[in-house]
Each structure stands twice: as C-alpha cells, then as structure tokens.
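A single structure is presented below for examination.
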Amino acid sequence: MAERDARVVDFLYELGLLKRHKRTGWVIAGIAEPESIADHSHRTAVIASAIAAMEGADPQRAAFLALFHDSQETRTTDIPHLGKRYLKATANTEVTREQVVGLPDALAGVITDAVDEYEARESPEAVCARDADKLECLLQAIEYREQGSRQTQPWVDTSLASLTTDTAKQLAREALERGPLEWVHRTREQKPEL
Amino acid sequence: MAERDARVVDFLYELGLLKRHKRTGWVIAGIAEPESIADHSHRTAVIASAIAAMEGADPQRAAFLALFHDSQETRTTDIPHLGKRYLKATANTEVTREQVVGLPDALAGVITDAVDEYEARESPEAVCARDADKLECLLQAIEYREQGSRQTQPWVDTSLASLTTDTAKQLAREALERGPLEWVHRTREQKPEL
Amino acid sequence: MAERDARVVDFLYELGLLKRHKRTGWVIAGIAEPESIADHSHRTAVIASAIAAMEGADPQRAAFLALFHDSQETRTTDIPHLGKRYLKATANTEVTREQVVGLPDALAGVITDAVDEYEARESPEAVCARDADKLECLLQAIEYREQGSRQTQPWVDTSLASLTTDTAKQLAREALERGPLEWVHRTREQKPEL
Amino acid sequence: MAERDARVVDFLYELGLLKRHKRTGWVIAGIAEPESIADHSHRTAVIASAIAAMEGADPQRAAFLALFHDSQETRTTDIPHLGKRYLKATANTEVTREQVVGLPDALAGVITDAVDEYEARESPEAVCARDADKLECLLQAIEYREQGSRQTQPWVDTSLASLTTDTAKQLAREALERGPLEWVHRTREQKPEL
Amino acid sequence: MAERDARVVDFLYELGLLKRHKRTGWVIAGIAEPESIADHSHRTAVIASAIAAMEGADPQRAAFLALFHDSQETRTTDIPHLGKRYLKATANTEVTREQVVGLPDALAGVITDAVDEYEARESPEAVCARDADKLECLLQAIEYREQGSRQTQPWVDTSLASLTTDTAKQLAREALERGPLEWVHRTREQKPEL
Amino acid sequence: MAERDARVVDFLYELGLLKRHKRTGWVIAGIAEPESIADHSHRTAVIASAIAAMEGADPQRAAFLALFHDSQETRTTDIPHLGKRYLKATANTEVTREQVVGLPDALAGVITDAVDEYEARESPEAVCARDADKLECLLQAIEYREQGSRQTQPWVDTSLASLTTDTAKQLAREALERGPLEWVHRTREQKPEL
C-alpha cells in the first residue's frame, strides 16, 4: 500500500511539471511569459467538452481525453514542429505506459485507455479532443496577437488548417472575428454593479 | 447560429482568463511567478480522477467536476481567505448560470450540472473533486517550499485538515514524506538513455 | 509598547503586500508582468500633487490621500469592474478602521482621516487625488499600448470620461498626443554626456 | 499653456519609469522578479509617515519627502553600493532641478523644496524619511529571506546600522522577530468570514 | 594556490551577475522580461565572429573581444545613454584591471589584453566586435518590435548610424527586410519530420 | 550576395533564440525565471578561457568552442537528462551542418570546425570547454541554492562527477566553499566610494 501510494504521489508530482514547462512554440514566437502546458491543457479540456456537446458526442469523455493529451510531455518536453526534424520521439502510448507503472489498476487503466483512444484518432470524442487542441492554440494565438505579438499568424493558419469537425471550423471562424475581451464589455453592459 | 457561436467563443475566451489570473494565496505568500488558476485546475482534475479511481467512484466524472470547480473566478477572481472577511460573493452556481447564457443547451447543461453537483458536496465524485482541490494545494505548497519559500506551512496545514476521504489523507501523508523530484531521479535510474 | 510596535510592524508588512498584488485590470487585458498596486499608488501620489499644485489645492495633502487610496486592497484585493457585479465589498473606510487597530493614535488618526477625506470625494485635495487615480490609469494604458497591447483603449476611454478637474482633462489630452518616451529623447538632445 | 502641459506630462511619464526599474541591490542578490523603485518608494512613504507620527514630526511632510526620495533614478538609475566605487553621480538636487524645468512654478517649487530638504538631512521629517528608506529595505530583506533567499543578511545588517531614530530602531527590532505574514493569520483568527 | 583559486571562483561568480542584470535600454523602452547582459554578449560574440569572417579578420579573436566587451558592467551596471549625462564612469580598462587582481597571470593577461584592444577601437577585430555590439542591438530591436513594442525605432536608428564596416551595414539592411522567424519557416519547408 | 546575406541574417536571428529558451533542467527543478541557454553559454565561454589558461591550453580557442557548444538547441531544444530516455536526437555535428548551409565559407568553416572539435572531445581546448560546461552548471546550482532552492544538489553532484581536468576539480571544490556574493563584499571593503 505504501509503495502504491508512493507511486501515485510520484505521478501527481510528475503531472505538476506541466505547470512549469512553457509551450515551446510561444517561446520561439517571442511571447513574454507564455502559458504553461497545464494552462493549455485546461482550456483544451473545456473546449473538447464544448465541441463534443455541439457535435453530439460525449462532452465528459472528450474532456477527459484532452486532460491527458499532453501528459507525456513531463518526460518528452514540448517538442516544437521545427524540432521534430531532429528528434525521434517514443510513442505517446508507450510513454504513458511507463508513467503509470505501479499505479493502482483502476487508475492506470483509465489513463492508458484515454491516451490510447486519443492517439488512435478514431472515436468521435478523440476527434473532438484533437480539434480542441488545435482550436485552443488558435484562440491563444489571437490573444497573443491582441496582446502585441506580430508573429502569431502561422499558428493561426496551421491550427485552422488542421481542424476537422464542422463545429470547430465554425467556432474558429467566429473567433477570428471577435475580440478576446468582448465578453468582458458585454457582461458589464448587461449587468449592474452590486 | 452565428449568435450561438459567438456565445460559445465568448465563453472559451472567458475561460482562457484562468490562465492569466494567478492563485491569490501564493501572491500573498510571496511566491515569485505563482501558478495560474488554470494550472491549479488542471492538476486538480488529474488528482480528482486518481482519488475517485482509488475510492471506487467515477474518475471521469470527478475530473469533469474539478475542471470547472474554479471557473467562476473569471468573474469573481480568486478571493483569498482573508478577503472573504470583506467581500460577499455571489454563489458559484449563480455565476455559472450567467456564464452559460446563450450557449447551446447541451453544453450549458453539462456545465451547470457539474457545478451544481460540485457545490452540493454530496456525490462521491464531488467529495473526491473537493479533496482533489485541497490535495493539489498541499502538493503545490510542498513544491514551493522545496523551491525556497519558508511560508507555505499554513497552506499545508489548512489543506491537510480539510481532507475527508481516506485516499486523500493517505496520499497527503505520503506526499509530505517524498520529495517532489524523486520521480525524476527514480525514472533516470530505471531506464537508460536511448 | 512592544504590543504597539508589533501592530505597527504588522501594518507595514501588510502594506508591503501592495507590491505583490498586480493591478487586476491589466491581468484581464493580458499585459505580461503588469504593474503592482504600489506601483500605481506611487505615481498616483505624484500626479495628485501635480494636479493639486495646478488647481491651487495643497499638493502635499493630495499626495497623502493618494498614497493610501488603495491601501484596503491588502484585504479586499483589486476587484475589477467586472467583479463588482458579483462581489459586495465592505466600505473602504471600515476596512481602514480595522487595519489601524492597535496603531499609535497619532498614526491611526492621520490614516483614517486621509481615507475618510478621500472617500468623501468633497475636499479639493480629494477631488485632485481621485482624478490622479484615473489619470494614472490613462497614462499606464497609453504606455502599455506603446509596449504592444491592442486592448487598452477601454481603459483610456473610461479613465478619460471620469476626470473632473480642468487640469486633469488638459493633461489627459496632452498625454494622448505625446509619446511616453519623448522625455528621454528630448533630454538627450538638450544635454551632452559627461 | 500647451508647452507647460507637455512638460508636466513628460514629467509624469518620466516618473512612471520608476515602476519599470528594478531595485539593483536585489538583482545582485539574485531575487527573482524583484520590486521596482516605485514599489520601494510607496512603502517608504508609508513608513515615513509612521515614524514621523511616532516621533512627533509631521507625517504628511515626511511621506512627501519619501515619495520623491529616489525620483532622480529615472535618469541616474539605481546605482548599487558596489557601483558607487566606479561611478561619480551628479547631485540629486541638481538632477531634480533639470527634471522640473518647464513645470508650473507651484509644482516645480514643491518638488525641489522636498528634494532639497531630504538631501539636507536636517529637518525631523527628513530624518524620519531617511530612516524610512532604510527600514523599508530591512523589511523587504526579511520578506525576501522568508520567500527563500539565503543572501539578504547583509542588507538587513547595513539597514539596521544606519537607522538613527529610536522609533525606527525599535520597529526594526520588532520586525526581526515577527513573521511577515503574521498579520494575515492574526486577522483571520479575529474576524469571521462574511 | 587556494587564494588564487578563490580569486578565480570570485571572478566566475562575478561574471555570472551578467545573467541577472537586464539591459537597461529595454527596461526604459518598456520591454517585459528584457534580455540580460549575458544574453546580449553571447550573440554579440557570435556576430563578431561572423562579421570578422566576412571582413577577412580573425573570427575567433573578434568573438573573444565581444565576450568581455560588457564585462565591467558587473560593477558599473549598464548605464543607459540618458544616464551618461549624470554619471561619470571609471574607464572600462581600469575596471577590468581591478576585476582581474589575484587571477593567474595567464588568465588576467588574456582578459586585460582583450579589453584593452576592444577599447582602443583600432584593430580590425575590435572594429568588428564593436559593430557586432551595435548590430546585435539592432536585431534585438527588430525582434522586440515584432513581439509588440512600438518604441524600438530609436534603437534601430542609433545602432544603424554607428556601424562602420561594409559587412555590418549590409547585414543590417538585410535584417531590416527579413522577419526574425523566417528561418523557422524556411527550415520547416526544406526538411521533413523524422 | 543578397542571398548570402539573407542566410547570415537568418543564422543570427536563429542564434538569438538561445536567449529565449530557458535551460530545461532548472525548469524541472522549479527555479522561477531560470537562465537562458545564451546566459549559460556566455559564462561557459568565460570559464572555458579560465580553465584553458590555467591548464596551459589556448583560452581563446576554448572560449570559441564553448560559445557554440549548445548552438544546435535552437533546433533540438534543451533536452533534459530525463528526456534522453524518450527522444533520439540527430548528432550535433549534423545539425550544425544544416544550420550553416548558405553561409559564406569562411564563416561556415570556423563554426563547423569548432563544433566538430568540441564534439570529438579530444583536443585540450575541447576538454576544457566541456569541463567549463559542467562547472558553469555547478556554479549556477550553487547560486540557485543560495537564492532559495532546496533541489539543486543533484545538479551539483552530477556536474562535479563529470569534471576531468585538475583545474576544474579544484575550482569546483573552492566554489562549494565560497558564497556567490563574497566578491561583492570583498570589493566593497577594499575600495572606497568615489
């Protein structure tokens, strides 16, 4: 039991590293204080549930896949597109299997199932979660553009081109036309101060 | 449709603010570059699934509750314990209802259901997610201590005292005895370089 | 005496928290590394003395009011406009009264007097200090715009609209036409290196 | 008038640079994200008013002197003690005179008077403000120590040795014995949540 | 021997301060998280070797001069152009002589020779290294402009005007026409992922 | 010519990315605002010249090798030890050959020669530069420890164990016994202010 608990605690400390690793693409783009992998993963999970709900898939399942979709990066780091020309990475499904060694079966099972399903790119929820990953990047690229960067357009273009569901494509088109802070101003107009 | 999509995009931009808001407790503690609310929420969801799996509850449901457990803080900010003596906040369930106005029913429904269940503190998954919120704080307090801070003990104590499940209590005890980087060193010993 | 000194030291440590709390509006706007409340309060005090001097009021008094105008935010944090729809805050004058409990009367008195006068919005110095608060925000919004942000216009507009003295209005108009670094270039042209 | 307003705006933009310049001593000490000169100046003004109130001097005057005590550093930067062996600086009173050229007489006068009085080191308020500068540094050194640094003791020692008023010495002794966050915990114990 | 080693270690710790001191010009320009002096010195050395190779001078010698060209700033800090009107600095050659006191002769010699040669501005390698210093600043100004700042043009202009070699002038012209990230996109097009 | 200049500019922009990429090991260790690869490379070059001078090798050559020793990481990123179990990287000599395509022969030649020599680990200067890489890491680990981290010991141990020259071993022993700021205090005692 103590050994099993130690493995779970190790796993939770390991996943905490996603808070400290910054998304490498934004470092290359010169963003000051870029988001962490955990930051990205959190909104990706929210977006996955949104796309799934709108596509008639299971929002909770899609969010769960998204939650772990970059969890291997505690060990592989976030290799940018450029780096993939110089680095050959172990498959994510294999990395996950090593990460969950020693965890209680019930826990190891749900995680490896989620990663396997995401990497297989077949189930509707995997498709929604993958689109969420790209749409999240697109939203963030727009936000960084509005915060000043003149170098985020390639991230917008690449993300847009890789979307596959109608819902994600429509949301992307809408996102490109709305300001990231319109929700603030709209809310303030609709509701008085207490 | 366009109006509905605009609402969804607004909601996704709104949730993105959780990446920018820092956890206020750590600001008070004097942590340099503290984690974001999204950082915290991401690992909380992971921990919720772990506790749920070990407690015989539904890991995916617990993670989903955790994903949205601080989602109201885009509007209310992260009020520290001290601030709760000077600020009276609207109930989270009510804030969520305003956040989802105009969203497709399928999406609004899963979110309000999750928030209602979390706030009701009754279902096993809500109990696991709430323990996850506290255990996440405890792990982060230990990590900040190891990174230098001499002021995180109150966060350890408060988190520890509020845990309710046996699993979370055991994991907390284990976490207090293990170093946050032991997983790195253990992995390196077990596996050779490619 | 020891108890009294402990209260003073506690108060000085408490006010130091204003260095760590970032101005929430800029966090929402997506500014990287935004200014602290102390940063803002310092220039607000300088501006208050400038407006007062030009309006025929007491510059020193206006600066003193400005120095403490956000001092309650150690306990209430800096609630953004959006948050005021969801949070009901204790009056600043009341928060200040709790902050100064146990301080020597001479010190407690000058602070509560200053806060009461500022909150009453009636004396010329209070009017100047309040305009200074808004003008400071406007200058900072322009500076962040020049540093890259495309999202500061609402802060310019709101600040501008709330100015009441002729001096502050004129300075704001001038500020909108001058670059924030013109003083550097002008000084360099006028004065040779040693 | 326009020319005069331009000068005032230039001066306010210039003073805003104190928000961006970090205190050089803390950079040398290796503090991550050290405070700005404006951060330091703000609490120095608060402390000056406290010492003055307790020493029977004019709190408002002492605060005003403190407000501008490092205002020349927009042009001279914050030269560390080490640097003073290699750099010969223009007198602060002279720098201030150049900074206020073109400002309305009423404004230029109050600022040069304050700087002259502070630099003369004679009036009770100047003495209190100078002690405030040192006591502020001591408090910050303690805070950085509690946040992790093992290198702040020289700043504590130097600050302590240069204090001159009984009040400042007593507060320093008290500060060395109290934790910087005790005020948080004490307040939470004394007051229930709303 | 122990004393000599202590001096070498002190020197290496001293040079490490160049990692913590930020380039002051960028602080004035309002760049968030500006580069360190070491960051600048590193690319300056690379550029010096490039200019020297293209000008028929010794690339290795030029790089070595560049490596130490700002090494005195551990003691003098990075005084901005504006500050040079208010601060009279000890000559760099003299600062270096104090820095190397107690170092082994072989080490002290190569460093003082390099600094003397750089400051004399006569050898082809010194000329290349000085142009590298300016060209590095120009490249960084362009990069910060692309990352959002609207205030870097004066740094571009000043750097450009002070270049002396044909190679540096040509590279500067080319740099002004190319995007800082074109190399990323070009490389990705030319080479497939592994 | 224009094409050749474009290649040189691309190369200089590419090397500038080393300022933005943080050293991954320190991210894992939880250091706030860790040094960049350029920061590390700069002091490594300084240390290489010091070790070489003391070992009777060519200081300038050793520094030149060190300057480029991590230059491939613009494309491969800084893979931590843990990651090397999951990522197979292209050889540095091969990455360099791709980086210098299109550069003038004189420039491409000096860079590929330097990288080949460093990677061959045979020449005295390569040996000194490699020890410098490790000693730099050891000094930085000590500095981060003094700045608060309790997690840098593994970096000290690993660096120490991999040193090969007597000089580097002696300097490491000395470094472990001296404080990183002793040079500041020593200098201040020896030299009066101007």
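Order of writing sets the chain letters: A, B, C, D, E and F. Residues in each chain are counted from 1.
The rule is simple: a residue touches a chain if its C-beta (ideal position, glycine included) is under 8 Å from a C-beta of that chain, and two chains touch if they have at least 3 such contacts.
Values in this document were obtained by computation on a predicted structure and should not be read as measured data.
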Touching subunit A and also subunit E, the following chains: C, F
Euclidean distance of C-alpha centroids - subunit B vs subunit E, Å: 45
Gap in Å, rounded to a whole number, between the CA centres of subunit D and subunit B: 39
Distance between chain centroids, defined by C-alpha means - subunit A, subunit F (Å): 33
Distance between the centres, which are taken as Cα means, of subunit F and subunit E, whole angstrom: 17
Overlap residues in subunit B, where contacts from two or more other chains coincide: 28, 30-33, 75, 82, 85-88, 90, 143, 147-149, 180-181, 187, 191, 194
Touching chain combinations (by label order): A-B, A-C, A-E, A-F, B-C, B-D, B-F, C-D, C-E, D-E, D-F, E-F
Complex contact set, residues of subunit B against subunit F: 31-33, 143, 145-149, 179-181, 184-185, 187-188, 191-194
Residues on subunit A engaged by subunit B in the complex (per definition of touch): 1-2, 5-6, 8-16, 18-19, 35-36, 38-39, 41-43, 45-47, 49-50, 53-54, 56, 59-61, 63-64, 67-68, 71, 75, 90, 98, 104, 106-107, 110-111, 135, 139-140, 143, 170-171, 174-175, 178, 180-183, 186-187, 191, 194
Complex interface listing, subunit E residues touching subunit C: 28-33, 81-82, 84-88, 147-151, 154
Residues on subunit D engaged by subunit E in the complex (per definition of touch): 17, 20-22, 24, 27-28, 30, 72, 75-77, 79-80, 82-83, 85-90, 95
